[in-house]
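Common to both upcoming complexes is subunit A, partnered first by subunit B, then by subunit C.
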Partner chain A sequence: MKYTILWKPILKLVLREFFIAILLLLSVSILIFSILKLAPGDPLHIFINIQTQNPEEIAAIKREFGLDRSIAVQYLSWLNNLIHGNFGNSFRTGRPVFGELIKVGVNTLILTIGSMIVTLLIAIPIAVISSLRRCPFLSWGLTLFAYILSSLPVFWLGYIAIYIFTKKFNLFPFLSAGAASGFRINWIYFLLPIIVLGIGNGSISEIIRHMRAQLERVLSEDYIKAAKAKGASIWRHSFKEGILIPVTTMIAAKIPFILGGAVVVEQVFNWPGMGRLAWQAALDRDYPVIMGITIFAAVVVHLGRLSQTIVFAFVNPQTSEKGEAA
Partner chain B sequence: MRTRYIQRGAEVSEFSQIPIWRRANKKDLIQIGFGLFVVFFVLSSYITAVLHLLPYDPLKINLKEMMQSPDYRHILGTDFMGRDILSRIIVGSQAYFMPGLLSIIIALFFGIMAGLVSGYNGGMTDSIISYILDLIDSIPKMVIILLAIAFFRPGIYFIMLIVGITNIPTVASLIKSKVIFLKKRNFIEAGKALGLKTRDIIFKHILWYNCKAIVIIQATLGMAEVILIETSLSYLGFGVQEPEPSWGNMVAAGKDYFFMGDFFLSTAPAAAILISILGFYLLGDGLNNLLEWRRKR
Partner chain C sequence: MEKKKVVINEVLKVEDLRTYFYSYAKEAFIRSVDSVSFSIRKGEVLGIVGESGCGKSITAQSVLGLITDGPGIISGNIFLTHNGKTINLLEGLPDYVSVKTKRKAILEIAKDVTGWLKRSEILMKGIRGKVISMIFQNPKSALNPFITVGEQIAESILLHSSISAKKEAIDAAAKWLERVQIDSPSMRLYDYPFGLSGGMCQRVMIAMALSSEPALLIADEPTTGLDVTIQTKIIELLKQLKEELNLTILLITHDMSVIMQLADRIAVMYGGRIVEYGLKREIMDSSSFIRHPYTIALLNSQPTVEEIKMKERLRAIKGDVPDTITLYRGCRFYERCDLKNDRVKKKCKEAEPEMIEIGVGHYMRCYLAEG
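Moving on to the complex of A and B:
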């Protein structure tokens, strides 16, 4: 039997969530902006120490960067620029923030999304096997294995991986991912950090626990028993509720966590990502870059949640009829 | 009097009334036992460090005994400055223990308050509180922490305060969904009908009788996360600084010797991290299985 998708309520729900996300992003930007202005330290010190001590020149520099105006005016002008797609220029390098952000942001996103996929590839089979309860000993062993994986410190795992690949297998002289220039990309540069972060990010056990609980609940429902009785495939019937929804929930919930782990892995593997840029910018009080990075991270988090809402609405139209996200 | 009556009535809590020691199975007991062992290990090393009962001074440089492998004098060997690794690992537990407790207490206190209020009242209060919690949740933890470190150059207690604040939404959402679930149950309705004070219903019948498990489990998982964050930060060089030992900066200091073939320098603290986080995870999971054991409906 074919059922019709109720487009209108789903669209309404997604629009509502989108609106809330925009509102939250605005509040995040206001919050970060006010913390930036309240924090001790001055972005001008990088110019003043090097170039000039003259008060008139300092005032000129301030005017150039718009730092002489009040906080509210500064924020509004920043917001105005943002609406026109302009993140401002970095105080330190003078280049547009947007370009730098895209350059490192893509690197970080590759790392984050890739390791999310690796984590799921490990977690989903273990969750499925242990929810079947065919072999309790195997499932317990696998769960324990997953717990050990998720409590490995990721930086140490990184060194082990580097050591094994360079010393034992002599696979490549270890350089940073940035050194892989041009179109000849050595895939191992990209794969090794992704796999290390995927294994060691510490969320495998939580994903398995959540998925196992949901799958066990779904597999004991009556409609699965009915499917079993008439000889239909259990997995086709339990896929939506038992696998799709928990996986999307966990992806949306764990993206911020893995973004954080990416900061550490970037350090280990010399990966030119957002963590280093953020740290340098925060030290220099490079306001436009910091704002750009925070907004970028928040946008990634909210995109994850928005996709979760969309999947929920399609799988279970009831949530959208009530007009609330589950 | 009235409270007693409700307790003896049909249901007080949604959990099974079979006592814990009867319904525990072997797997859970093994997990909890290992977890408690780790908790004991961490606690005792903290106390040892506070009372200065260490085998060697963790800061004392002894160049005659550099890079020794484990033997009967130095049970875990010595590092590149001749400092005893065992003593440094024991003192390293000081780096996260008290600050971690602070962060857990903050997360639990504010999380419980926010969850109870927004779950029980609903409506406008709920919307406002959820909005604030969503706001905290929309920036990745590590980004907030790094920004705070760069701006304020804070000590470990301030960092853990921020970690605690960023953990509030998790606790709050768990408590909130539990309260919403419980609010419709008969025993809460009965309590309202009997004219119990709202304060009693919320704190005693919802929080104390039914949310204890969540709180305990979140506390254990919170400690695991605190260890993870503290070691990552001090590995990156932002937490506890070098002469003072912390597991993270011990791994970082040992990494230069890693490629010469001396694994032990960074593997010993890494193993300490692994065992403690694993212990807290297993404790949390075992307690979860044991305390959240639902009655078959």
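Moving on to the complex of A and C:
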């Protein structure tokens, strides 16, 4: 079957999203930069507390890291470096931020994508079962169960999971052991934190609610009744509007929350990821690292939005035709 | 259960069909379809006519088992004859659940509906779309907006015919589009419904419904939601296809002019009941002086060309369709009836008239018809 995909409007959409992304990144970076500078604390304490309190030396260090200039100049020079592909060096380790980000970014990506899958695996079946309204008690029970699950705070869930599965039953190893020995990729290390973040990120109930509402609406559409009347599968006909679109919407909407949850989970499980790096950098006022992570997170969040737009354009021929107006 | 003999050339025979919905708010049944019986012969068009809310569409959807809003009751017999075999579409499904308006009893019906639907699905498999096809009102919303029309027709062909290759099915779909008089069908195949006009969408629906060569086509208000000129064209098309393919059609409409043009037999529905039933020529024949007051009122509300020229007011039927929750002792049309006279008034109020035969195959539910 030949699909008539209208490439031109889709390209237009992507271009538009790209410009939005640039504007977004600019404003996010300005905001975060200002907050960092306004916040109390000083990166100098990392260098200084082990050295003398000599004012001249402090001034020299300040000059070395460019901290003596005004905020605007500091921001512009950071931006200039960024445009040239340079994220700067970490104050703490002195290594390039970009390399550090890539190293831990992969771990975080595994954690977040994995937990997203866990969340969807729990949420989608419950949403589908309860939208059918065939068995009210089952769907009521499942929904209640899901609401309880997503009300559990992730840090608590993490410690409880470690206590039960690692300490009591010794089913999963301590992650820190793996991290100390250079962190080899081993699924057993990943499993517990992924499940904990998947359950504890708090999005299960919202995904169920959104999906059920959409699916119920689609299942009551005339075209589903017509599909049934012609003997076709109602699932085949409701898949695109009833499942694919809401799932994509929810994935794109929940990426920021999952990244936020990752910070906590990485802390709890000693997971060498971006969340832990961000935590450490925030404690140390390691400005280049914080900025790098901010940009990285903003790009990931926006990529989610972009993929949502692209999926919508492919699924719904009408949005891609009206691309400019959408 | 006693076996009833079904006349061979009857495609569909509906006996005592009741479709009730239970209303939690009113703690009573909404009797949307209340003991309706009719039959359709092969090659015949039966028109069910009545105002909105008379139970016409619910009747059609009950036949196809499309009523899924529980709790409620669907009972009676729906005999479908296809290839010399007769099956009852409500066979083995529980008939009646009595309700004493207490919470516990309500749950019992709700549970039963789940089982009922499951069994109905099994019975209807292989019948929906294959033996009985349906076209809907508002064709634009009845086509899946995310799938090209060609693929939607091809899906029906793949499901219900011997064709199993997708390419052949697409070719067959193009042929059907040509049959329903769509220009350049091989191009239209790849259009999405939003790119087509309402009339085109209805043609696509008709093509899709007929592609499985069904024994019965249910047309549920096929012209509603279309422009008047398009309506005429769709009626013309149905007429033409009926001649070509010897179609059997159950036509549901509130539009008397559609009935006049298409139907061979008419069932006039009012408040969930059939009040008049017979051949069109019997009922519409100007020499026939006995008609149900409701049929007369319906015919009168249709303005003639002269009246439009004279700019006369439309003769609407006064009052509203009765709610189908209340149990009436007398005739359901009593309040709105213009023809009730002193001779029958008392009877009309006291008991509902029975269906009586007043001509050959012409039945009516009115005391006026009695001698």
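Rule of thumb we're sticking to: the second predicted complex is superposed on the first by the 287 of 326 C-alpha atoms of A that agree within 3 Å, B and C clash if a C-alpha of one lies under 4 Å from a C-alpha of the other, contacts with A are read in each partner's own complex, and residues count from 1 in each chain.
The rule is short, and it goes like this: a contact is a pair of C-beta atoms (placed from the backbone, for glycine too) under 8 Å apart; a residue touches a chain by one contact, two chains touch by 3 or more.
What you see is a predicted model; the values in this text were computed from it and never measured.
Visitor: For the overlay on subunit A, clash or fit between subunit B and subunit C?
Guide: Partners fit side by side after overlay.
Visitor: Contacts for A:V315 in the overlay, against subunit B (first) and subunit C (second): which applies, first, second, both or neither?
Guide: In the superposed model, A:V315 contacts subunit C only, not subunit B.
Visitor: Given the overlay on chain A, how many degrees, to the nearest 10, lie between subunit B and subunit C at the CA centre of subunit A?
Guide: Result: 70 degrees at the vertex subunit A.
Visitor: Touching A:S29, do we find subunit B (first), subunit C (second), both, or neither?
Guide: Neither partner.
Visitor: Once chain A of both complexes is superposed, is A:P153 in touch with subunit B (first), subunit C (second), both, or neither?
Guide: first
Visitor: State whether A:S203 touches subunit B only (first), subunit C only (second), both chains, or neither.
Guide: A:S203 sits against neither subunit B nor subunit C.
Visitor: Quick one: classify A:E241 as touching subunit B (first), subunit C (second), both or neither.
Guide: In the superposed model, A:E241 contacts subunit C only, not subunit B.
Visitor: Specify the partner with more touching residues on subunit A, choosing between subunit B and subunit C.
Guide: B
Visitor: A:K230 in the overlay: touching subunit B, subunit C, both, or neither? Say first, second, both or neither.
Guide: A:K230 contacts subunit C only, not subunit B.
Visitor: Taking the superposition on A as described, I'd like to know which of subunit B and subunit C A:S115 touches: first, second, both or neither.
Guide: It touches nothing on subunit B or subunit C.
Visitor: Touching A:D222, do we find subunit B (first), subunit C (second), both, or neither?
Guide: Only subunit C; A:D222 stays clear of subunit B.
Visitor: Please provide the least distance in Å between a C-alpha atom of subunit B and a C-alpha atom of subunit C in the combined superposition.
Guide: 7 Å.
Visitor: Considering the complex alone, what residue numbers of subunit A touch subunit B?
Guide: 20, 24-25, 27-28, 31-32, 35-36, 39-41, 140, 147-148, 150-156, 159, 163, 166-167, 202, 205, 209, 256-257, 259-261, 263-264, 267, 275, 278-279, 282-283, 290, 293-294, 297-298, 301-302
Visitor: Where on subunit B does subunit A make contact in their complex?
Guide: 27, 131, 134-135, 137-143, 146-147, 149-152, 224, 228, 231-232, 235-236, 248, 251-252, 255, 258-259, 266-267, 270, 273-274, 277-278, 281-282, 285, 288
Visitor: Per the contact definition, I'd like the list of subunit A residues that touch subunit C in the complex.
Guide: Going by the criterion above, the answer is residues 1-4, 134-136, 221-223, 225-232, 237, 240-241, 315-318.
Visitor: Touching residues of subunit C toward subunit A in the complex: what are they?
Guide: Within the complex, subunit C touches subunit A at residues 64, 66, 110, 114, 117, 125-130, 133-134, 136, 138, 141-148, 150-151, 154-156, 159-160, 166, 170, 190, 192, 194, 205, 208-209, 212.
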